[in-house]
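Just dropping this structure here.
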Amino acid sequence: MAIRIFITGGTFDKEYNELNGQLYFKDTHLSDLLELGRSRVQVEIRTLMMIDSLEMTDVDRDLIVHQCDNCEETQIVITHGTDTMSDTAKVLAKKIKDKTIILTGAMIPIKFGSSDGLFNLGSALAFAQTLSPGVYVAMNGRYFHADNVRKNKQTGVFEEVK
Amino acid sequence: MAIRIFITGGTFDKEYNELNGQLYFKDTHLSDLLELGRSRVQVEIRTLMMIDSLEMTDVDRDLIVHQCDNCEETQIVITHGTDTMSDTAKVLAKKIKDKTIILTGAMIPIKFGSSDGLFNLGSALAFAQTLSPGVYVAMNGRYFHADNVRKNKQTGVFEEVK
Amino acid sequence: MAIRIFITGGTFDKEYNELNGQLYFKDTHLSDLLELGRSRVQVEIRTLMMIDSLEMTDVDRDLIVHQCDNCEETQIVITHGTDTMSDTAKVLAKKIKDKTIILTGAMIPIKFGSSDGLFNLGSALAFAQTLSPGVYVAMNGRYFHADNVRKNKQTGVFEEVK
Amino acid sequence: MAIRIFITGGTFDKEYNELNGQLYFKDTHLSDLLELGRSRVQVEIRTLMMIDSLEMTDVDRDLIVHQCDNCEETQIVITHGTDTMSDTAKVLAKKIKDKTIILTGAMIPIKFGSSDGLFNLGSALAFAQTLSPGVYVAMNGRYFHADNVRKNKQTGVFEEVK
């Protein structure tokens, strides 16, 4: 069966507006990345929202939970801003027990050339195919259980809490 | 424990010679890629050879087997040319049973910008951390058992044999 | 004689801060660009300031005029933010008559991969070598006299006023 | 009036064939480059051939001369392989006296990311707009008269003969 990919925004998909010099969201680059990676993993992609994860509300997280719960796929990758990725993972972990859900993102926008997004996407898809049911964060080439992960604000690196 | 990475060359590490227009090998770009991916996976990197996989001999494969067998790490990633990656995987699978060995590579040189190498490296490191002992090829976002994989010469895509 | 290059900042040299998602200035990428372009033009590079051109003051412009006036070179390229590039060009044109001064910049930061900066730098250096004394803006592959140029805020394209 | 751009191939437009690892020609990337550079120079582009300049024959050069002679534009840029760029420049200089013709190219294929092609194209278009009638080579940010230029085979850099 296919892997479900849900898009929620985050640095991953930010663009540079030439006219005002601001970063903003337009469309997701997920399909481009999968093509760049010559991916042949069967996927179903759906954009749920396109926001900075600092602006993600409880209602937004409920929507993500609902979508993960109700899709027919049992392996799910969610692209998500890094700032509150751990929070969303915890919410998902409380509600969904029988699927393998991998949250991933990027520190550098994909459009800015030197992105970690392609690397993270490769690892997230691999973890989705191999980890047992549960909710995980896949960043920095590693995976973390939802209840034991945080982003270190000083270094930008994900790490275990305990 | 760290993941051992063995470099053998392949398209992954090819460079463009400005003076004669030929592709050639100089140094590996593995460390650059890991940095680009913001990888924090603990790795030990060693270059075993730097060759086109069409030129890989039985002696070369014996060396790879020997190195995999004798390193202390039990999770191993090998970068390898795609043309004979399946062959090397089969040789390794016959000899080594107690380690997780992932062969990966690229269709486009890393230096040429639009490489699948970063994507493949992300997935290979993830598979090395999660698959049970055995020898696998990680390409196109998927993993294949050593005894059931080939590169489709027409499409450049890896696929199951049976 | 060498071409003098003065750096003042602008989109050209903006970087992406991974930790807070803001754009900021660190060092100029001018030398990297010249190397990328395999430039063999003899140049003398000096950073005068590193600012967004919307924040450029009269004092800053006096400094630029002073530096252009007092350097020994007669061909000068100035990298500059696009928003007030035309303004600085006009100030320079009033004060300096005997040198060829070319202002150029970029709509996309160089670090973001798909930059027009490399293209503009190539044209600016060429115009500096060939145009008669005067002050010009070099953008979009074209050159404009200081007294007849503006940036179209809607399109981001430079155009003649009359 | 527009600048005429003639495409003849060269490293500029080489692609990497994923299936056999060879470099080859498909389509020109000239339009992509002009878009990347946000060029607003009015141009008319025509592909005359798509070859390695080491394989360029007298007949090919006659065709280039004929096209330059017969097009209505008086400013012409020709993209050309670097190995025999000086030779073609000399042939053109003997036949055409009343137009400004700029030959340019690249040491690294545009598709390989770190190309000097974008830089050279920017300078070539600028030189075409500013130099008096004659035939020139524009490489390394500089321009050379057709009768006083060669590519240094050891360094890959263009230089004066005398």
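Each chain carries a letter (A, B, C and D) given by its place in the written order, and its residues are counted from 1.
The rule we apply is simple: a contact is a pair of C-beta atoms (placed from the backbone, for glycine too) under 8 Å apart; a residue touches a chain by one contact, two chains touch by 3 or more.
Note that the coordinates shown come from a computational prediction; the quantities given were computed from them, not determined experimentally.
Listed here as common contacts of chain B and chain D: no chain. Chain centres here are means of the Cα atoms, and by that rule the chain farthest away from chain D is A.
Computed centre separation for the pair chain B/chain C is 45 angstrom, with centres defined by C-alpha atoms. Chain A and chain B have Cα centroids lying 26 Å from one another. Remark: chain A and chain C have CA centroids separated by 39 Å (rounded to whole angstrom). Annotation for chain A: residues touching 2 or more other chains are 107, 114, 156.
If each chain is drawn as a node and touching chains are joined, the picture is one closed loop, every chain linked to exactly two others. By the definition given earlier, chain contacts exist for A-B, A-C, B-D, C-D.
Of all the residues in chain D, the ones that touch chain C in their complex are 33-34, 36-41, 107, 114-116, 118-127, 129-131, 138-143, 156-158.
Taken in their complex, chain A has these residues touching chain C: 11, 14, 16, 18-19, 21, 23, 52, 107-109, 111-114, 153-154, 156.
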